[in-house]
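Multiple structures follow.
After this come two complexes, each holding subunit A, first together with subunit B and then together with subunit C.
Right after this comes the complex of A and B.
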């Protein structure tokens, strides 16, 4: 018994025969399930003004991950809320029932709403809309891995489209760790088999990080390498996002 | 004995679609449109539900029809019905087999192994759709009929009529949920005439979309 002194606690060590290896996701020539190299991101597509009813909106497609975000406000805060000198940010992330291979599986990610809030809060100049609330609602249409980074990047674009004052656009990228390999922008298959993950949300122009999430076991050099990978990818992603905003402006002027 | 299963139809209005919809509480229109869709699809008899049967009395497909409104800008039912029909016309039922335990298994063409079981249905197949229903919502205001209203128009004027006709011109349903304006026979006939015109347009549009999707 564990309570008795002198007795050794029961331990379990898997014998070599029962220690099944995790099936390798990568084939011999080090290619990923979708044929990308380890440090290659999926192609990204962004478009603003997807929802007419919203103050601002954006649609994002990164590989097969599809996300749509609407921004409403600044509008009057709920009566129950206390007076605030600065504006409030309210975020909600939901999944369609058909977003995941198994129907309704997307509802597992309840924490995404608060993570989106934390990622965007540092980039928005909340002082510019006191006593009011900005609502950011995201809907994942198809989940194919790296959902949260896509949601965050898309939400930042929607906020810009809504004319909400921000310090900078927010770009987000994640990295998965497999033994000694780091793979950027993992797909669902890779996320399910990863040893650890690292997600960075940053403001590339200011070189500031608004959110850093690390799960699993990482060594210090690996974290540094992963962070550098993410920051480089964020800078490239921000360029695509900026060009999307410029396109939208030039289209409206025409 | 179970031969087939009626598909579950759900119309969702997530908070992204309108400033009125908030997370946590479903939109008022959502269950109404779901019920209306369910009634229209079942009463139009456009699908033979026996096609969803696999083994008589033992197994059948369950078809879930989830429709998401991304931007609520009026005539929600019309858009929902059109998207439902487009989805059903694109639906492919995968080929499956029954194993020794009487369980249904998917037959994959990729694996080179010789199939031990005889497939219940030999190949991927599509549902047979006949007499497809299409709808048009009109607003009645004084002596005017306003077809296909926007959300703003719907909020100002309270009386609307939804007419559902199938491709053969038969009336499937007529829906007038109250409102201060009385719908006279002539007004209803005018709405039906507008719908008949709309049915032709939508049917052509759907045919083009389907032919573009086929490889």
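Right after this comes the complex of A and C.
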């Protein structure tokens, strides 16, 4: 209690015995929990047209992270909203109850929703649908690390499938920092033990970044190295996304 | 930014393109005029793609991206199938599968005057023409052709309406006649109205025929011309 003075010390400092060393995630031969090398991404799979009722949709599987995104609209904005010369983008990210190892924690993720909105709004040509709203609903079916980058990439593909005008497809990749090591596309165990993380969302064809998120302590050379890693991975990811989209187009317009 | 040579535009015609693809470098073009249609934009000295689809070309110099989607973007002079959702004193509110509801003025009919205002119940299916489609405004419809005649426009009674993609509705309206309609027309008699907004209305003497025609059209979207003919033959063999 704050009222009773003198009974408890004002500050707390851990004794040397409690300061245990963080267990190392990596083996002696510098392999990661899933056997990848530090600069190797997980295998990615994309497919459009997953949800029949939506204007556009996409399913993404990166390693064990599985995401489904549905796009609805453009549809008329609610009367309560003020008139807008440009379109509105409404994003919502939610997790299924069975997405995480701890069952029953599925819910809307406000922070992810906001970051998804920020990442996508720079790539969408909002002027092409005034007075209307585009709704993007992302559902994480299975979470095994790097969820947000997968959600962003999948949402970009779903928007393209819906025929929403875009400057370019959006690809997103994250990097984790462990002491001196940079680890690309971290899994859940790595995310829990990381010293810092860096996530880049970019439009590869235009060499433009729509979002950059950095957490933890990073030195300037490390940030440069991390960004370069992310941008290279984004370019590779965008190729996979493009081939998926082109395949879908050629299937529907034979 | 990576750009391709002038010849790359002709190489990409009828090929699949994605948002961000650069299809033409304008800096290498001299004294040439090109017209850009939907899905393409000028980005400094480059022409880039805004939506996924196939790059199309029509002589002499028109380029556009043709794609298939579930939502319809209204354009003037499109013939569409609409559903009346509300009736006001001076216009009907019609759902044409677009971003906003469209207005159909009560006088936008052949010989339309204040005395003979048509009465459409809510839910009536009508075949109409888009006359105004400006961004930021509700589209305006008309039940007459350019010369003011009713022509084929108006309420569609009986029959069966189903929805498809905008790409398929364009395919059904293309000339020469789409293989699936050609094959069905040789064996069955039916009436069909196709809206560019991805709605199709079919009417035949028997419900049996209506269902066969509707199913054949719905199944034909991802099939080639030859496959469509085979599919229709198999369907007709089963029902005979």
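Some observations on this one:
In this section, the second predicted complex is superposed on the first by the 230 of 254 C-alpha atoms of A that agree within 3 Å, B and C clash if a C-alpha of one lies under 4 Å from a C-alpha of the other, contacts with A are read in each partner's own complex, and residues count from 1 in each chain.
In this text, a contact is a pair of C-beta atoms (placed from the backbone, for glycine too) under 8 Å apart; a residue touches a chain by one contact, two chains touch by 3 or more.
None of these values were measured; they are calculated from a predicted model.
In the superposition on chain A, A:76 makes contact with subunit C only, not with subunit B.
Contact with subunit B, but none with subunit C, is seen for A:51 once the two complexes are overlaid on the shared chain.
Of the two partner chains placed by superposition, only subunit B is touched by A:139; subunit C is not.
One of subunit B and subunit C touches more residues of subunit A, and that partner is C.
By the touch criterion stated above, A:163 is placed in contact with subunit C alone, subunit B being left untouched. Counting contacts by the rule stated earlier, residues 54, 75 of subunit A appear in both its interface with subunit B and its interface with subunit C. The part of subunit C that touches subunit A in the complex is made up of residues 1-2, 16-22, 39, 41, 48, 50-54, 66-71, 73, 99-101, 135-136, 165, 167, 221-224. Across the interface of their complex, subunit A is touched by residues 10, 12, 14-19, 23, 64, 66, 68, 70-73, 151 of subunit B.
By the touch rule above, subunit A contacts subunit B in their complex via residues 50-54, 57, 68-70, 72, 75, 92, 94, 96-98, 103, 135, 137-139, 141.
Interface of subunit A with subunit C (complex): residues 54-56, 73-76, 85, 125, 128-132, 160-169, 203-207, 242, 245-254.
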